[in-house]
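Given below, in the form of structure tokens, are the structures.
Presented sequentially are two complexes of subunit A, the first with subunit B as partner and the second with subunit C.
Moving on, here comes the complex of A and B:
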């Protein structure tokens, strides 16, 4: 991201909004698939996480680095009646933890609000400067 | 005509000859500066209008980019209006000047 120009703060705040949007998408996907036992190849849904990275330069925006899969082990539940249960009656469930997702959701939404607040405050600063013209 | 003061003499010369070269080197025409800034503000306005239109039509889903375009065009427009008011004020002040 370029850091020269009069609208750096705007661009950086917007990049933050976009990044938190992506985190929110990942969390949304996790919550929606928290009980998806089969994603088409017989394995349950694997939790994803949005990995963010800073842009180039000392002052930079944030960008999406990667959507990483959580490689922790799946949880198993005893469900003998389930069509996808194994021979012992155990069923593999996604490695999604709803309380963890709720926590991440809170973090993402707070960070989104913070970026919006920065944008708003910056606009206020510009307006304050323009008041001096009057 | 005997030219006693070269600065006064330049007034009588035809514009475009030596009268124009009296300006210090590197200074830009004020009108050009204003024109450039105006066209920049105008292009930002066009950008934000296009972004809003794309969003409303459904061509784009990116609300954040629209917010960025609108914020930029809003701020630059306010600056432009501020400078314009200042210029008009200065012009009026000049016109009111007693000669």
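Moving on, here comes the complex of A and C:
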């Protein structure tokens, strides 16, 4: 990402907000699809995770690297009455673990708040400098 | 034209550019969910720096902030490229710049005041 010089800290904090927003989207997709047994091709929903990476240069923002699929195995539950259950009565469920998602949700929203706090504090810092011109 | 007058003109041109950018940001935010909308930005610093570098007599008052559409950002589900976070960041930077310009302008006027009041 391009950092424009004068207010670097603002751009970096905003890149953090954007990145955490993406994490939040991934988590929200996981939670919404935590019981989706068929995504159209007979397999259950596969959990996704937003992979973040640092931008170029020593001081840089963060950017989204990839939305990666979690390749861990699906869970199976016994649900003989379910129309999609196999011959033995087992049903494949998504590899989404709600408690884990809740934990990630906490992390994402705290990180978002932290970025917003940095932005606010930086604004305060510049305002302090501008007070000197009064 | 004296250096001081030049400075006031520069600052005024800067403040005008900030207010143009502010309206671009407001427009972008208002069209956040408009199908196919492409965001606006203001090109000012580059043109201004070039004019100053040339050193020729130019009137900062005449310099119009130029609206343009960068057409580079990722497209969202509405087919437009407005990102709320990016706009908020632009707004923060814009208001800080605006404040800086206004403070410097006031400081400059204060100097005139001082000169007038001195017996």
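In this section, the second predicted complex is superposed on the first by the 132 of 134 C-alpha atoms of A that agree within 3 Å, B and C clash if a C-alpha of one lies under 4 Å from a C-alpha of the other, contacts with A are read in each partner's own complex, and residues count from 1 in each chain.
The rule is simple: a residue touches a chain if its C-beta (ideal position, glycine included) is under 8 Å from a C-beta of that chain, and two chains touch if they have at least 3 such contacts.
Since the model is a prediction, treat every value here as computed from it, not as a measurement.
Asker: Looking at the overlay on subunit A, is there a clash between subunit B and subunit C, or do the two fit?
Answerer: clash
Asker: Could you tell me if A:96 is touching subunit B, subunit C, both of them or neither one (first, second, both, neither)?
Answerer: Neither subunit B nor subunit C is touched by A:96.
Asker: Pick one for A:17: touches subunit B only (first), subunit C only (second), both, or neither.
Answerer: both
Asker: For A:119, using the defined touch cut-off, is the partner it touches subunit B, subunit C, both, or neither? Pick first, second, both or neither.
Answerer: A:119: touches subunit B and subunit C.
Asker: Thinking of the overlay built on chain A, is A:111 touched by subunit B (first), by subunit C (second), by both, or by neither?
Answerer: Once the two structures are laid over each other on A, A:111 reaches no partner at all.
Asker: Check the residue A:130 against both partner chains and state whether it touches subunit B (first), subunit C (second), both, or neither.
Answerer: Once the two structures are laid over each other on A, A:130 reaches both partners.
Asker: Quick check on the output: what are the common subunit A residues between the subunit B footprint and the subunit C footprint?
Answerer: Correct list for subunit A: 6-7, 10-11, 14, 17-18, 21, 119, 123, 126-127, 130, 133-134.
Asker: Tell me, which parts of subunit B touch subunit A in their complex?
Answerer: Its residues touching subunit A are 62, 64-65, 67-68, 71-72, 74-76, 78-79, 82-83, 85-86.
Asker: Provide the residue numbers of subunit A that touch subunit B in the complex, in ascending order.
Answerer: Counting only subunit A, the residues touching subunit B are 6-7, 10-11, 14, 17-18, 21, 119, 123, 126-127, 130, 133-134.
Asker: Enumerate the contact residues on subunit A facing subunit C in the complex.
Answerer: Residues in contact with subunit C: 6-7, 10-11, 13-14, 17-18, 21, 119, 123, 126-127, 130, 133-134.
Asker: Under the touch definition given earlier, write down the residues of subunit C that touch subunit A in their complex.
Answerer: 83, 85-86, 88-89, 92-93, 96-97, 99-100, 103-104, 106-107
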